[in-house]
Amino acid sequence: MTTPYKRLNKDDAAVLMVDHQAGLLSLVRDIDPDKFKNNVLALADSAKYFGLPTILTTSFEDGPNGPLVPELKELFPEAPYIARPGQINAWDNEDFVAAVKATGKKQLIVAGVVTEVCVAFPVLSAIEEGYDVFVVTDASGTFNPLTRDAAWDRMSAAGAQLMSWFGLACELHRDWRNDIEGLGALFSNHIPDYRNLISSYNATPVTS
Amino acid sequence: MTTPYKRLNKDDAAVLMVDHQAGLLSLVRDIDPDKFKNNVLALADSAKYFGLPTILTTSFEDGPNGPLVPELKELFPEAPYIARPGQINAWDNEDFVAAVKATGKKQLIVAGVVTEVCVAFPVLSAIEEGYDVFVVTDASGTFNPLTRDAAWDRMSAAGAQLMSWFGLACELHRDWRNDIEGLGALFSNHIPDYRNLISSYNATPVTS
Amino acid sequence: MTTPYKRLNKDDAAVLMVDHQAGLLSLVRDIDPDKFKNNVLALADSAKYFGLPTILTTSFEDGPNGPLVPELKELFPEAPYIARPGQINAWDNEDFVAAVKATGKKQLIVAGVVTEVCVAFPVLSAIEEGYDVFVVTDASGTFNPLTRDAAWDRMSAAGAQLMSWFGLACELHRDWRNDIEGLGALFSNHIPDYRNLISSYNATPVTS
Amino acid sequence: MTTPYKRLNKDDAAVLMVDHQAGLLSLVRDIDPDKFKNNVLALADSAKYFGLPTILTTSFEDGPNGPLVPELKELFPEAPYIARPGQINAWDNEDFVAAVKATGKKQLIVAGVVTEVCVAFPVLSAIEEGYDVFVVTDASGTFNPLTRDAAWDRMSAAGAQLMSWFGLACELHRDWRNDIEGLGALFSNHIPDYRNLISSYNATPVTS
Amino acid sequence: MTTPYKRLNKDDAAVLMVDHQAGLLSLVRDIDPDKFKNNVLALADSAKYFGLPTILTTSFEDGPNGPLVPELKELFPEAPYIARPGQINAWDNEDFVAAVKATGKKQLIVAGVVTEVCVAFPVLSAIEEGYDVFVVTDASGTFNPLTRDAAWDRMSAAGAQLMSWFGLACELHRDWRNDIEGLGALFSNHIPDYRNLISSYNATPVTS
Amino acid sequence: MTTPYKRLNKDDAAVLMVDHQAGLLSLVRDIDPDKFKNNVLALADSAKYFGLPTILTTSFEDGPNGPLVPELKELFPEAPYIARPGQINAWDNEDFVAAVKATGKKQLIVAGVVTEVCVAFPVLSAIEEGYDVFVVTDASGTFNPLTRDAAWDRMSAAGAQLMSWFGLACELHRDWRNDIEGLGALFSNHIPDYRNLISSYNATPVTS
Amino acid sequence: MTTPYKRLNKDDAAVLMVDHQAGLLSLVRDIDPDKFKNNVLALADSAKYFGLPTILTTSFEDGPNGPLVPELKELFPEAPYIARPGQINAWDNEDFVAAVKATGKKQLIVAGVVTEVCVAFPVLSAIEEGYDVFVVTDASGTFNPLTRDAAWDRMSAAGAQLMSWFGLACELHRDWRNDIEGLGALFSNHIPDYRNLISSYNATPVTS
Amino acid sequence: MTTPYKRLNKDDAAVLMVDHQAGLLSLVRDIDPDKFKNNVLALADSAKYFGLPTILTTSFEDGPNGPLVPELKELFPEAPYIARPGQINAWDNEDFVAAVKATGKKQLIVAGVVTEVCVAFPVLSAIEEGYDVFVVTDASGTFNPLTRDAAWDRMSAAGAQLMSWFGLACELHRDWRNDIEGLGALFSNHIPDYRNLISSYNATPVTS
C-alpha cells in the first residue's frame, strides 16, 4: 500500500530550476541566505557533474522579481531557458512542458523559489501527468517554516519524494568508484565540514 | 494511490472565515501577532480580490470570545454572517451549511481560530460531505506549535490540502497577465519584502 | 482513500491515563513542566466533566518510576487502577484490557508518559483490535521533540488521531448551550488567556 | 557607579531615522519582516504623535541600497532629509550633525538599518559629543541575532539606553490623562493584541 | 569597581506588584502563559510566606487594560492597592510612593507587566532615590525576547539586580531549618519537578 | 488501509549500524554531539543486551570518512563487518545483503550517518525486498533538521517505522520481569534522568 | 575602568562543586541532560587532572534533593565533603568556608545546581570577601534560559568571570607541551568531536 | 564612566587570525558551517582589501587540530605565520607578540576558534598590555551558544569591543566614495542578499 522505492537514476532524470531570481530570493526566510545560496549552487553543480539535462525558467524577470541569479546562467549556457511571460505554474507554459518532454526523462528533480508556488505547482502538475518527482527541499525556499511545512505536506501527500541535494547526489552516483575525485570535489566545494575532513586527511604526515 | 492534484479554481471556490474574534485571538500563540493579523487580512483581501463568495461566522460573540475583528466585517459587509448560538463545529449549524451550499462551490477554503477546533471540525465535516477542502494554515492560529502540528496531521490524514495565503492567491490567479497591477498591489500590501522590491524597482533611475 | 471523520462522542469514549508517575515525569523534556502538568490535569478534568469512564495504570510504581501523581488518584478514586507488575505495553496486561472492554466504549482516548512507549504501544495494540484511538498529544510527554515526532509519525501512520486536550473537550461538548458555565469553568481553570478574557468580560462596567 | 536614570522627555528629544531603505531592508533577518515594518512605522507614528523633531537620512539611495521606504517620506514631508553622498556613519556628514544640532535637543532617539553600522556608528559618535542616546532596538534590524547582540553590547557599554518603541512611547507620554484617545489609537494601530482588547471592551454589552 | 553583594533580607524588603491586569496579560508573549501565571503566583505566595509588605497597583483598570487578576486581590486583601488614575510610571503616583515609604523598607522587589514600562520605570526611579532594587524577571513579562533583553539591559546598567522568584525565595529563607515544611510546600506548589521529587520520596517504601 | 502494528520481536530482529565513522560524524549537526554519541552507544548496548545479530558496515574508511568509531568495534568484535569498497547504498553491496540474509531475520533495525543517504537508501531497498524496517531516528544523524525531516518523510511514506532507541528497547523487552536489573542498567547508563531516579531511590533512608 | 585580566593559575585555584544532587538535577532544564552530565564530569576530571583542591557540598541530601551523584563521590574520595544541615548559601556554612580557606587558594572555581541559588549565592559571598571567582557556566544548571540569564547578569555585574569547562582547562594548562597525552585524553573523553579528530588522525594510513 | 568611542582606523589596525584549523573547525557548532566559512573568508578579504597587517597563527597543526584552512594561507602568503609549538594563549608565544608589535598598530582585530580560548585568551592579554581590541564575533566560533555567551561576557567586561565583520568593514571604510566598486565587490562576494540587490539593480531596464 505504501510507495515503492523510486530510485533516482542519472540516465532517467532531468533537473528543473524554477524562479531562482534575485528579487524573489529576498522572500526566502526559512533558510539562512549563506546556506541557501550554497545549496542552490550545490544542486546546480550536481546537475552539471552528472550531466543531467537541466531547464531554467523565470517569472517576469524584467519586473521586481529580478533576473535569474547570474551563476545559474553561467553554469548552464546551453540549457533551455524559458522566461515565462506570466504563467505562475511553470507547467502552464507550453514551452516549458515541451522542454521537459524533449529531455525524454521520467524522473524530474525540482527546486525553486518559493516552495509552495514555484515548486509545488509544477510538482503537482508533473505527478498528475505520470512523472516521478523529486523535490530538492534545501534548494527550495519560502517565507517561513510554517509555509514550508504546509507545502511539503501537500507535495508529499501527492506522492512527491522529498530529498536534499546531498541525498540526490549520492543516489545518482551510486558508487564512489565511479569517480572518487569528482564526487569528492563536489562535496569539498559545498560542504565545509567535508572540505575540512579532506584538508586534515591530506595534511596528515606520515605516521610510521 | 496518492491524492491527485486538486487545483484551486476561482470559479469553484468559496472562503469560510471561522471565529476570528477579538477575544479568541488572544489564545493564538503559534504565530506572532503582527504576522498573524497580516495573514488574516491578506486572506480576506485575496477573497475580495478574486471575488470569491465568503462566509463569516462567530461563536458566542457577546461573551468573552469577543466580537469579530472589525476589519473583516468592513471588508465583507454583504457576506453571510452566521453568529452561531452555541455550536462549536460551524458545520453543526444549519444556517452555516445552508450558506455554504448556497454558494454552489465545491472547493472550500477555510481559516480560523483556533486551528484544532474552529478550523479542523468544519474541515473534517466538509470533507466527509465530499467537498475539496483547502486549509489556509498561516491565517489559522492556535495555542502553540504542538497543538498546531497535531491538528495539521489530523486534517491532512483526512485529505485536506494545507496551503498558505500566498500559495492560494497564486493558484487562483494562474497568470500574472490576468491583472499585473492587482496582484502586485495585493502582494505589496501584505508582503513587506515584496513591497520593497517594487519600491526599489520603481525608484531605479534610467541607467543608460 | 483517506481516513473518514472519526468524531469523538461522549457516549462512545473512554480515557486511558498511562504511567503519569512522579519519577517518569522527570524524563519529560519536550514540554515545559508547568504546561505539561496543566495539560495532564486539564485532560483529567475533562474526563471527569464529561463523565467518561477512565482507567489509570502504572508501571512498577514501587521502584524508581515512582507513584502515580497524587492529583490523578484523587480525581478518580473509583476508577479501575491497574498497577502493572511488569508489562511495558499496558495492552499486554489482561486486567487492563478487561477494564477497557468493560467500559463498552469503542473510542479510546490515550495519554501517558513517555509518548513512544507508554502511549504508542497500547495505541497501536488497540487500533489492531479495531478501536478508534485518539492520542492526547499535549498530555503525553517524552525525552525531546525528536523522539516525539518519530512516535507521532508511527501512531499517525497506523491510523491514530492526534488531538490536543482542548480539541478533545470541544469535540465532546458539541454545543456551548449544553452547559456554558461548566465548559467555561474548565477553560478558565486551565487556559490562563481564557481566564483573563472572562475576568475582563465580567469586570467591564456598564458602558451606557 | 552605575548609570543614573536618564528619562526621555518629549521637550528634550529628537528622533533620527537612519537608512530605512527598500534595498537595505532585505538584509534584515533578526526580526520577522511583518513585525519589523510595524515597529518602524510605530516609531515613526510615535515621533509624529509626540511632535518630536525628526531627521531622515539615507545612504546612496540611487544605488542598490534603494530609496527610503515611502511611508517615512510621507509621514515627515517637512523633516530634514539628508541623502548622504557616501558617509557610512551619518555623524560624519556635516549636514546631518547640523540638523541634529538645530533641533536643540539633548536626547537623541535612534533607529536604523543595519544595527551595527547605521545605528551603532552615529550612536557612539553622539555619545562622545555628550548626547544622551536612546536606541530603539526593535525598530532597528540587522543580519542575525549574533550580529545584533554584539552591536547591542558595544552600544550599551558606551552608555546608550536600549529601548523598545513601546517603552519609548510610554516614557514620553508619562500619564494617560494627557491624551487617552491619542495614545490608545497609537497602540491600537500597532499592537494587534491591544487593538483586540479595545474591540472587546467596546463591544461588551451592558451587563446590568 | 563592581557592585557589592546586595543580599535580600526579609526584614528589609517589600514587594511591588505592578499592573498584572487581565487585559495587559494578553500582551505577554516572552513567557508561556502557563508558566507565567505560575511564576506570578509563586512570587505572590513567596511574599505572603515571608510576610513581606506588598503593594498592588494597576493602571486604568476600568478600561481595556482590565482588572487586576483576581488571585492577587484575594491573596493580599489588606495590601495597599493603588489604582493609578493615569500615571504610567507608578513612581509618578504620590500614593504609590507614599505606600512604599510607609513600609520603611530599603530593598524593593518589583515584578509587573510589561517589563520595559511597568517594571523598568519604577525600578529606575527607585534606584535613583537610593533603594536597592531586585527585579523578579520571570514574574515580569513583555512582548517578546527582544524587548525583554533591552529592558533587562537598561535596568541592569542602572544597578538593578535581576532575580528569579526561586532565587528570591531562597535568598530570603537563608536556611531550610527555619521552616522545612513551609518552604517545601511553597516549592511543591509551584515547581512540578520538585513536587514529583517529594511524591517519590514520600512514596518510597522501607528498603531494609 | 493503514499500516498494521508491526511489533519488534527480539527473535525476529537484526541491527544494521551503517557508517558511524569518525570523519562522517563531523557532518552530523541535527543532534548535539554529546547526545548523539550517547544515543548511538545506547542502541549498540541495546543490541548487545537483547542478543540481536548486528552488522557493521563502513564506507571508504581509509579516506576522509575516517574509521568506524572504536567503541562499536569493541562492542561487536565478532559481528560481520563489511568495509564497502565504494557502494554508497549498503544494500548495493552483495556481502552486506548476504550478511543480512544470513541472520534469517525479517525485522531490520537501521541507524547510521547520514540519515538521508546511509540510512534511507538501505531502508528503502530493504522495504522493497519485503523486510519490516525500523529506523532508529535518534541514533541516526545528518546536516540539519531540514534534511532530516525530508529523509524521515521519504522513509515513512515508504512504510518504515520511525523509532527512538528507548522505544526500541522497551518494545523488545516486553516485560520488566524478564530482567529488571539488566534493563535498569541499560537505562541508567544512557539516560541521566533515569540514573538519578535510581540513585535517589536507592539512597532513600528507611522512613518508618 | 574595566576588569583586568584575572587569569586562572593551577597553583592558585580551588574547585567548589555545589549541590550536584540526584534529585536537584531533575530541575535542570536549560541544558540537555546528556550534555550537562558530560560537562559536570568534565569539570570534575579537569579538577582531578590539574590536582586542584576540590570541595564537595550538598544540601539536605537525605530528603527529596537526593544524594550527591555517585561519580563525584568516587572521583574525590578524600575531598572535604560538607553535607550542609540547612544553609542554602554554602558560604553561610562555617565548615564550608573553613574548607575553602584551608586550601589557601585565592581563585575559586564554582559550579552547581541551581545556578541562581547554589552557584550565585556563594559566588557573590566569595567575591565580597575578596576572592577571584570563576563560574563554570556549562557545569551549572537551572530551570530555563530566562532564570540562567538573570543569574549570569547578577554574577557578572558583581565581578565574577563566566567560563566554560573547556576554557578553564585550557587556561589552567597553558601549554600543550606540559602534557600532550593527558590533556588530549581529557578532551577525548568529554568532547566527541575531538575524540573523532583523534580517531581519524590515528587511523590515517601512511600517505607516501 | 562608560567606554569612549574607540573607532577602528585602517592606519591603526592589525588583524590576528587565530587557529582557524581544519580539525578545530569541527568543534564549532554555534554558527552554521556555511555561514561560518563565509564569515571567516569575509573577514580575511576585508583585511586584504583594507591592507591591514595580518598575522596567522596555529596550534599543533601537525596533530588532530589539523592544518590552517588552505584559503587563509593562500590569501596571506606573506603574512607572519606562527605555528605555535604548544602555547594555548597565542600571547604566550614570543614570536606572536613580536609579530604583533612589529606591526606598530594599537588596534587589534581578533577572530579565531574556539572563542573562549583561542580568541578570549589573547584578547584579554592584549587589553592588559594596553591595546584596543576588537573581537570579530561572527568569524569566531565555539561549541554552543552557552559557551559563546560566557566568553563574550568575559571579554566585554574586560573592555573588548564586540563587532561583526560587516561592522568592521564599514567602520574601516568610512565613506563609500573612497572606493564604491571595491566595497561593493566585498559585500557582493559575502552577502547573498546584497549581491541580489546589485543583480536586480544592474538588470533593471531603462524605465523611461
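Before moving on, here are some points about what is shown:
Read from first to last, the chains carry the letters A, B, C, D, E, F, G and H; within each, the first residue is number 1.
The rule we apply is simple: a contact is a pair of C-beta atoms (placed from the backbone, for glycine too) under 8 Å apart; a residue touches a chain by one contact, two chains touch by 3 or more.
To keep track of the chains, here are their UniProt names: A, B, C, D, E, F, G, H = Isochorismatase-like domain-containing protein.
The model shown is predicted, which means the values in this text are computed figures rather than measured ones.
The chains in contact with chain A as well as with chain B are D, H. Taking the mean of C-alpha positions as each chain's centre, the chain lying farthest from the centre of chain G is B. Listed options E-G, F-H or B-D contain a single repeat of the A-B interface, assigned here to E-G, on the basis that more than half of the contact pairs agree by residue number. Interface comparison, F-H versus A-G: the higher number of contacting C-beta pairs is recorded for A-G. Counting the residue numbers that touch the partner chain, chain D and chain H have less than half of them in common.
The geometric centre of chain E is 48 Å away from that of chain F, both derived from CA atoms.
In this assembly, the C-alpha centroid of chain A lies 41 Å from the C-alpha centroid of chain D.
If you average the Cα atoms of chain G and of chain H, the two centres end up 30 Å apart. Mean C-alpha position of chain B lies 43 Å from that of chain F. The set of chain E residues touching two or more other chains comprises 1, 3, 23, 26, 32-33, 64, 66, 191, 193, 196-197, 200-201. Chain contact summary for the complex, chain E toward chain C: residues 22-23, 25-26, 32-38, 61-62, 64, 66-67, 69-70, 191-193, 195-197, 199-200, 203, 205.
The residues of chain C lying in touch with chain F in their complex are 1, 3, 23, 26-27, 59-60, 63-66, 85-89, 92, 114, 116-117, 120-121, 124-125, 127-128, 142-143, 146-147, 149-151, 153-154, 157-159.
Partner chain E is touched in their complex by these residues of chain D: 1-5, 7, 31, 137-138, 152, 156, 161-164, 166-167, 170-171, 173-178, 180, 184, 191, 193-194, 196-198, 200-201. Every residue of chain A that touches chain G in the complex is listed here, in rising order: 197, 200-202, 204, 206-208. Those residues of chain F that touch chain H in the shared complex are 26, 29, 32-33, 144.
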